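A, B, C and D are the chain letters, set down in written order, and residue numbers restart from 1 in every chain.
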Amino acid sequence: MRPTRPLRVTVWNEHVHERREPSVKKIYPDGMHAPIVAGIERELGDSVAVRFATLAEPEHGLTEEVLAETDVLTWWGHAAHDEVRDEVVARVHARVLDGMGIVVLHSGHYSKIFKRLMGTSCALIWRSDPGGERELIWTIDPSHPIAAGVPQPIVIPHQEMYGERFDIPPPDELVFISSFEGGEVFRGGCCYTRGAGRVFYFSPGDQEYPVYHQREVQRVIANAVTWCGDVSSPNDLPSAREGNRQHRRRRRRHRIHRRGPR
Amino acid sequence: MRPTRPLRVTVWNEHVHERREPSVKKIYPDGMHAPIVAGIERELGDSVAVRFATLAEPEHGLTEEVLAETDVLTWWGHAAHDEVRDEVVARVHARVLDGMGIVVLHSGHYSKIFKRLMGTSCALIWRSDPGGERELIWTIDPSHPIAAGVPQPIVIPHQEMYGERFDIPPPDELVFISSFEGGEVFRGGCCYTRGAGRVFYFSPGDQEYPVYHQREVQRVIANAVTWCGDVSSPNDLPSAREGNRQHRRRRRRHRIHRRGPR
Amino acid sequence: MRPTRPLRVTVWNEHVHERREPSVKKIYPDGMHAPIVAGIERELGDSVAVRFATLAEPEHGLTEEVLAETDVLTWWGHAAHDEVRDEVVARVHARVLDGMGIVVLHSGHYSKIFKRLMGTSCALIWRSDPGGERELIWTIDPSHPIAAGVPQPIVIPHQEMYGERFDIPPPDELVFISSFEGGEVFRGGCCYTRGAGRVFYFSPGDQEYPVYHQREVQRVIANAVTWCGDVSSPNDLPSAREGNRQHRRRRRRHRIHRRGPR
Amino acid sequence: MRPTRPLRVTVWNEHVHERREPSVKKIYPDGMHAPIVAGIERELGDSVAVRFATLAEPEHGLTEEVLAETDVLTWWGHAAHDEVRDEVVARVHARVLDGMGIVVLHSGHYSKIFKRLMGTSCALIWRSDPGGERELIWTIDPSHPIAAGVPQPIVIPHQEMYGERFDIPPPDELVFISSFEGGEVFRGGCCYTRGAGRVFYFSPGDQEYPVYHQREVQRVIANAVTWCGDVSSPNDLPSAREGNRQHRRRRRRHRIHRRGPR
């Protein structure tokens, strides 16, 4: 049933903080994408083929060709949301509607692509203290594939606080809710469908803390990649095509139209 | 558009702890229902007519007549869930499907009626320490009528901890999420539709603490009563009846059936 | 609890077909907005204050002032979606996130504002035959306030076919599903929340047929206006402000931020 | 990530009509379960191990042992819903909450187990004419795994009409909507989560028509089996257990409880 070729994953990273700020460089000497890629590969093995792309590359590394060969994209950005070109955003948006999955991480909540997919401001409240504070990530949908194999709760010792009200549409599926030492809560694991594509937002991951080196976080990202890639196109069954032909005959009397790209 | 008669509310209280335990009696000398009734009346004034009923009454005070005259029922129970007779549960269930709203409070999560409406175990994790712990109730859907006029967050100084995983179906609308001093989170304000009736679960309210004397909690309960009562029956528009008659004529060629009570 | 002033409604109409095409002018001599306004006023009486605005007016009649005084906007457009200026779309979008309701009608599914709120292509399949075909609108959520007082089904004798796949996010609440003589189905009554605002999409209403003169359709639009206007801002309760102050004190030790317009 | 052993499927069939009524026996000489089993096996091959069970067997063939070895159960019943023993229903219910998937077919909407999982009456309108009428099943969520490889629409030449209002809770995911020649619509492909288990309701399949011999219908059932089996238990990751131990230490100061079976 499922495609036998590996799932093609592109890990996109703004890659600005790691080059500018020594404190971040120390945590992520090869860029934040390095442990994200490593985690996906460790968890999913031969069933995935992972590459990465960054803002500084031509077309941010997200050409038509790259996107056409990407089943699931992950997105981390923060300092340079505005530098992402609108035509690349439109291209990514179109690919999501066409079936590509997207996993949006942490401060990516405020990226152009996430706001465009959500239709809301995607604003939130936040607090960034030196040293951060403990985040607990609670699974509220334990049978969800994205929660497979994670502890209850995931403990992140030091993290920036993200709190409600988070201005997103009500998630189609809510998998995780976080709490912080200050008492705030946050819907930090949210599933959406947009067009034929699946979207997952996952909140952990400030650049100041080694969150993406944490195995449980990598596990969730790998699970999310699998879930976002688990979509299917209808109409590919032989007997289905016959059914369709019969239906088209019936409708030939009418003029029938499909409006828009899909 | 809306009925001009007052919304008829019945506040149901098990009323066991208040009679047996001095610590609870001290907080609720007239029963927990007293401040619940008073809060609804203060907030909603002439637009409601409120009565109460308790477990010890014949048929628990929930006769066919009482339910027929109830638009919204609120439910608090804890020590005596098993003493609620199955036929009364079936009667309340039928009335909810028929359009009566129900606001289920705190330990009512484990009542027969709530489990029947949900179809799940409704289990949760909990912790009850002497003195309790602080609960913060965060609004995540600020435009929802149930959140009207409440602070962000509602602070409950002393409360029993209720935590996830709370085994309920995904709420149709999630209005509040709580956090506790221990770091746990809880989906404490959940909306459902069952049949033609609306259901709201609201978590605050352990008998050991004066939670129902707190104005913000009363406000939420009043809002929930209003929301649960804001349902409507179709087919009562004159022109609609004509439309229906026309449609029935078209269908008279067939035998058409309605299966079940509605 | 509810505001005592009337709900302020602005009916927006592109108003292009009615001026250009004799067949449409004949059905809607005063513009399509005329029966929409009349229907809302008949159904809701003194509880609303209705005005209209059209594309040809300066700023399409949707200035900052008009929007600031609008609680619910209705939107019909078709031939001139592209002529709606982006800054007006951004202004309407911001007002919806800020709490203004919006009722999007028929071909408005392809308007800039609806696509922006949804984050998808909003494409659908359609068929337009001379004379149209019968549409039946089935209520699937009979207790929903938007379905109050409508027949099961609403029969629209002549209408353009709109069919699935309709590329929208899964509705937060699905109230109506239509069928057409060709056998197609369509999710024609869809509720969403975006930011603090409510969105309702309602499919009937091609310019070639007198759909907006039909009483049941007017009834649904009036119901939708009421529902979209039934939102509330938290934090306006006196005791709530005290609670907030207490909470702010607790948080003053931290730097806390709100990102974005809300 | 996924279990390497085959998914264990039990096809449950009331098996009453096929033995009593010659017209049904002719269509399903080996029972309706035979083509259902054959379809699942053809579509899913070695990745499943399928058995069947029927009402007449001791404990209806659904002993503790059988259920413990079942990952996904399919359910068809109609004439003898009342003969299904309550203790077996309770056992199946508990297994679903514990993670077993269940695919409920056609008239199974009125089975004890489905009503218990839903919490509503599960009533609908229906019409049964000699010869039946054409049903068209439209995919409204084309990327959903359950819609993989099916035509748009699936055409069922002869079928009993099932129509709205169908008294179920709003589905967590709505995959298919049917229309009938009489113009009725029906939410015929509905996903739910209950406890740790997934539920899918699929409407085609009256005993008077050879619906379960139809390849597209078999394909949907096979897809649904796969989807219902795609759940996971958290807390099985080694590093997760460490995280949990750390968290438990933190909580040891408190008395913490889990209420109920899960």
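Simple rule for what comes next: a contact is a pair of C-beta atoms (placed from the backbone, for glycine too) under 8 Å apart; a residue touches a chain by one contact, two chains touch by 3 or more.
Here the structure is a predicted model, which means the values were calculated and not measured.
Taking each chain's centre as the mean of its Cα atoms, which chain lies farthest from subunit A?
Using the mean of the C-alpha atoms as each chain's centre, the farthest one from subunit A is B.
Check A-C against C-D and say which one is joined by more contacting C-beta pairs.
Comparing A-C with C-D, the pair joined by more C-beta contacts is A-C.
If I list every residue number at the interface of subunit A and subunit B, are over half of them used by both copies, so same, or under half, so different?
Result for this pair: same.
Please report how many Å separate the Cα centroid of subunit A from that of subunit C, as a whole number.
Computed from C-alpha means, the inter-chain centre distance equals 31 Å.
Approximately how many whole Å separate the CA-defined centres of subunit C and subunit D?
37
Going through subunit C residue by residue, note those that touch at least 2 other chains and give them in order.
Where subunit C meets two or more other chains at a single residue, that happens at 136, 139, 141-142, 152-153, 165, 170, 172-173, 183, 193, 195.
Looking only at which chains touch which, which shape fits best: line, ring, star, complete or other?
Contact pattern: complete, every chain touching every other.
Write out the stretch or stretches of subunit A touching subunit C in their complex.
Where subunit A meets subunit C, its residues are 97, 110, 116-129, 161, 165, 167, 169-170, 172, 182-183, 192-195, 250-251, 254-262.
Going by the contact rule set out above, which residues of subunit A touch subunit B in the complex?
For this pair, the touching residues of subunit A are 134, 136, 138-142, 152-153, 163-166, 170, 173-174, 177-179, 181, 183-185, 187.
For a test of understanding, state which residues of subunit B touch subunit C in their complex under the given definition.
So the residues of subunit B touching subunit C come out as 1, 43-44, 47, 99, 136, 139, 141-145, 147-155, 172-173, 193, 195-198, 215-216, 219, 222-223, 226, 230-237, 239-244, 246-247.
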